[in-house]
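The first chain written gets the first letter, and so on, giving A, B, C and D; residue counts start at 1 in each chain.
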C-alpha cells in the first residue's frame, strides 16, 4: 500500500530533518509524547512543609519591603516545572503582609483566590468592598477587579495565594495588568456587605444586578464553612473519594467561584481514610486543620497544619486523617472549570486492593529544607 | 509604614533566594513578566511559504512511510516556541497522504480541524461517517471521536491540520489517546449524511439527537463556503477589520465548531485593505486563494496561495488583497472559544493613521528555505 | 384520625359553600377536573376544509376592506373553545391580502408565524427587511418586531397565520401593541438579506450581532425546505411517528424560531403511514402538499391541500399519505418551546395493534359547510 | 388601493359572519381586545381579609373530612375570573390540616409553593424528605415530586397554597396526577437534610447531583429569612419599588425555585412607603407580619396579618407600612419565570406625583363577609 515510499537511509532522513528545522518545521513522529495513552504530567507530586517555609517567609519580611516587592510572596515552584507553576495551569504562593503594610491597588486578568493561614486583622478590598480576614476564610479577587490589601493589626498576616498565571499569561497570552491611580481604592460599600447579602443560602437580594461570571461573595468565612462541614459530617459520609467536601460556589450559578478555578473545603472525620481515585486537573491542597497523610500515585506524603501539596492531573490520590479524635480539614483549588468547559474532565476510581494504593515510597526527610539561612549580621 | 523591614544587603537576599530555591520556592518579585501591562507573547509572527514547504512535504513522503509515522505530518514550529506550538495554545501541521495510504483509526482528547490544500479523492471518516475531501473543504475531528484517513485517488493529498495540543496535552495535562482495534472503523452512516442533514441553514432533522458540544456537520464544503462569501460580498462590506468573514459554526448552537477552537473563512474583495486591530488569542491563517499581504505589529508578510502565517495574541494585524481583479480568501483558526469561556476575550482597534500600521520591516528573503536537500544517492 | 370533623348534613355544607362564594372563595374538592390523571383538553380535534373556507375568505375580501379590518383574517375558532383559540395556547387564522392592499405597520408582543398558501408577489417587511412571499415559504414576525404586509401582484395572496394570543394576551396578560407612525416602515436592509446570511448551514457572518431570542432569518423558503426534505427522504425513514420532519430553527441556537412557538415541515413518502403517539402541546397542522388522512384519538380526518387541522394536547395521532406516487407534506406549529422551558413536555408511543389506532369515527360530511352565502345583490 | 372591496351592506356582512360561524370560524376584526395597546386583565385587584376567611376555614374543618376532600382547601377565586384562578395563570388557596390528619401522598405536574400561616407541628414530606413546618416557613413541592402532609401537633395548621393550575392545566393542557400506592411515602433521608446542605450560602455539597430545574432546598425557614431581611434593612434601602425584597432561589442557579413560579419575602421598615411601578405578571401577596396598605391602580387596600391580595398584571402598585415602630413583611409569588423565559417581562415606574398614585377608592367594608354561617345544631 505504501509503495511510493522508498526504504530510506537514516542519513537521508537526518538530512531532511535538518533542512526542515532550518524552516522552523519538524517531523511530528519525533514527538513521542504526542501519542501517549494517558497524561504523564511534568507536574510532580510534591509537598511543602510549613515548618520549612515559615522561617523563610518571615525572613522575606525581614529583608524585602512590600514597596520593593509590590506583593511579598514566596512562590511554590513545582519541581517538575519551570518557575511559576505549581501545576501546568496554576500558580501557588505564600503572601506575607506585615503590620502597617499596604499592598497597592491594582487589577489583572489573572484571577486569584486566597486562603487565610495566620493572623487576624489584615483586610482585603475588592471592587469597593473591604473584608477583615481571619484564619480559614476564603476570599476571591476575580479577573480585572481592583484589589488592595493591608494589615492594620499588630501581627504578621500570612495567606495562600492561588492564581491561574500559567494558563492565562503563558498559554493563552491574555495577561493584562494595571495600577489604580492611588495606593488604595475608595470603599463604596459597607464592609462585608456581600456576606450579609449572599451567605444565607437560597435568598437573593432582588435589587442587586450581578452580571459577572464570578461570585459576588467576597469572603466565605471559616466560621460558616466549618460549621456546615461539622453539621453535615454528623449525618453523611459524603463521597468515598472526597469525604465531606463542599465547593465554594457562586450563588448566582451554583458553579465555581471563578471561570478558571474551583475551590473546596473538605473534612475528614477522625480516622477517616478515603478511597483512591484520579481525575484530570492538577490540584493544590493546603491543610487547614489536623494531621494525616495523602498517597499520590503510590507515594505517601505526611501532612500537618498549613502544609501545601500538589496532586498532579490524572494521579491517583487518597487522604487519611491520622487522628482518632480530631477532624482534619483540607482546602484545595484546581482548574476543573476549564476542563469542564472544554469537555476534558475525566475521573476514574482506583478499584484494586479495597481502593487503597500500595505505598512504595514516603516523601522523605532528605528532601526537607534545613534551618533558614541567616547569612550576615541579620 | 514598613519599618519592620530592614535595609538588607544584596548578599543577605541572595543567600535567602538560594535557600528558598533548595525548597522549590522562589521570590515572586523576581519574575518580571508577571506585572506586564499587556501580553508579550513568546509566539512570533511568522510565515511559512508553501513554495518552501511543498518540496519538503513531498520528500517526507519519499522517505517515511505512513506506517512508521502513523500520521505523516510536518509540524510548523513557531520560532518563538519549543517544538509543537504554532501559538501558545495551538498546533499546526501539514499532512501528506499518498495514493493508497491509510492512516489508522484512533481517537484522542486533542481536537482537530483540517483545511484541505491539494488533491481530490482522499477521505476522512469520523464516527462512522465518511466524506470525500476537496480543496477548500473544512473538516473537524472533535475530542474523542474515532477517525481515520485514506487516499483512494491517484494523487497525493495534502491538508493543514490544526489541533489544541499545547493547551490540552501540555498546560491542562488532559491528553488521552487510543487506537481502534482495526485499521479502519466501520462505516455506519451513508457518506456525507451530515452534510445533507445540516448544510441547509435553519432546518434541523427532528429525529436526530445531538448532545455533544461539537458540531455534527463533518464537512463544510468549499463549494458552499465560497458561494456564500461571494454572494455576501456583493452587498456588504462586512467588518472593517475582518471584511467578509464567516465562522464555521455548530448548527446546534450558532457557536464554534469545537469547544477549544473556532475556525473562519474570509474574503477580501479585489483591492481590499482592512483596518488594523488586535485581540487576545493567537491565530493561524492559511491562504485559500489569491495573493496579498498582512501587516503584523508593523512587519509586512507577503503571501501567496497555501502559505501559512501566525498572528500572535494581542498583535495588531491587517490584511490586503494585492489583486485588483481576483478575490483573496483566508482560512483561519484560533482559541477564541477558550478565551470567551474564561472571560479573557479582548479586542482593540488601531486608531492612528487611518487604521493602518506603518510598516517597519518586511518578512524577508533571508529567512526563506533553499531547495530541498536530497542528500545521498536516494 | 379525623375525629374532629363531624358528620355534616348536606344542608350545612351547602350553607357554608354559599357563604364562601359571597367572599369569592370556593371549596377545592368541588373542582373535579383538578385531580384528573391526564389532560382532557377542551380543545377539540377538528379539521377545516379549504374547499369550505376558500369561498368565505374571498367573500371577506369582497365585503370588508383592509382599512376597516386592519388585518383581514378569518379566525379558525376551535369548536371546544371560545372564540380566538385554535388550541388552549395558540391561535390560527387565514389572512387575505388583495392586490394593491397594504396592511399597516405595527408591532405587538404576540409573536406570529406565517405559512404561505396561495399567490406570489405579496411581501412582508419585518424590522426593515422585506421578503417576497411564495407558496410554501415560512416567515416569522417575532415579539415586538415592526411588520407590515402588502400585495404588489395582480392576484390575491392568502396565508396561514399562527400566533400565541391565548397564552400571551389571555393567560399571561402580557399583550402590548403599537402602531408605526407611518403606514409602512422604512426598509433599512437589502431585500431578503437574512436569507443570504443564514440559509447556508453552519456558516455565520461574524460582523452581525444578534442578541434576540428569536431567529434572525426572515423567510425559510419552500424551495430550500422541500429540496432538503426530498434529499433526506431518499436515505432515511426519519422518525416512526413523524417521518421526515424538519424543525425550522434559529441558526443561533438550533432551537425554536420563537420562544413561544416551534414550527415544522414534514414529508410523508408515497404510501407512508406513521405510527401513533401522543405528547403534550396542541398542534395546528396545514397540508402543504398531497392528500391523506390523520387519525386523532380514534377519529379519522381526511385531508387535501391547504386543509387545516388541530391535534389537541395528549391526543394520539398518526398520519398517512393516501397516494402511492406523490409525496405528502405537512406544515405544523405548536407550543413545545413553552412546555420544554417549563418542564412539561411528555411523549408516549401508542404501542397496541402495531402502533395504529382503531378508527371509530370519520370526521364527517354533515359537519361541512355549504356554499358560501351570497345574501343580497352582491 | 382597495378597489376590489365593495361597499357592503351590514346585512351582507352579518350573513357572512353567520355563515362563517357555522364553520367554526370568525372575523378577527370583531375581537376588539386583540389590538389593545396594553394588558387589561380580567383579573381583578382584590383582597381577602383573614378575619373573614379564618372562621370559614375552620368551619370547613368542622364539616368536611380530609378523606372526602383529599386536600381541605378554600380556593381564593378572583372576582374577575372563573373559579380556580387567583390570576390568569396562578391559583391560591388556604389549606387546613387538623390534628392527626394526613393528606395522602400524590404527585402532579402542577407545581406548588406553601407559605405557613398558623400552627407549628405539621409536616410536609417531599421526595423522601420530611420537614416540620413553622409559621413563615416557605416550602415547595415541585412538578412531579411525591408529597404528603400531616399534622402531628395538637393544633390546627393552616397555610397558603400557590399553584400554576390555570397555566399548566387549562392553557397548556399539561396536567397529570397520580397517587402514591400508600397513604404516605417512605422517608429516605434525614429530616430537613436539604436545609443543612443548602442553607449556607455559597457552599455546595460536591457529593450531591441535582439535575432538576427546581430547587433542592425543601424548607426556607422563617428564622433565616427574617434574620437576613432584618440585617440588610439596617444598611440598605433596597429597591425604591420593592424595598428590602429577597427572592427565594434555587442554590444551583440563583434563579427561581420553580420554572413556573418565583417567590419573594420583602420587608417594609417602619413608616416605609414604596414608590409605585407596574410590571407584567399578576402577583399574589400575603401579609406575613405587620399592618399597612397597598394602592393598586388607584384603589387603596388596607391589610393586616395573613390577609391575601392580588395585584393584576400591569397594574400600578405601591406598599406602605402603617406602623412607625414595627416592620411589615409581605410574602408573594408570581409567574415571572414564565414571562422571562418567553421574553414578555416588562416593567415601568410610576413617575408622576413623586411616584405615588392618587387614591380614588378604598377597598370597602361593603365587600366584607359577615359572620360565618353556622346553620344547624353545630
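Quick note on the criterion: contacts are C-beta pairs under 8 Å (C-beta built on N, C-alpha and C of every residue); 3 or more make two chains touch, one makes a residue touch a chain.
As the structure is a computational prediction, the values presented were derived from the model and not from experiment.
In summary, the pair chain C and chain D forms a contact in which both copies contribute largely the same residue numbers, shared numbers making up over half of all those used.
Per-chain Cα centroids separate chain B from chain D by 55 Å. Distance between chain centres (mean CA atoms), chain A to chain B: 31 Å.
Taking the mean of the C-alpha atoms as each chain's centre, chain A and chain D sit 45 Å apart. Contact annotation for chain pairs lists A-B, A-D, B-C, C-D, with touch applied as defined. Within the complex formed with chain B, the chain C residues making contact are 190, 193, 196-207, 215, 217, 220, 224-225, 227-228, 231-232, 235-236, 238-239, 242, 244-254, 257, 264-265. Those residues of chain D lying in contact with chain C across their complex are 1-6, 8-9, 11-13, 15-16, 18-20, 22-29, 31, 33-39, 41, 43, 46, 48, 52-53, 56, 59-79, 83-84, 87-89, 93, 98-102, 109, 143, 165-178, 213-214, 259-260, 280-282, 312-314, 335, 338-339, 341-344, 346, 369, 372-373, 375-376, 378.
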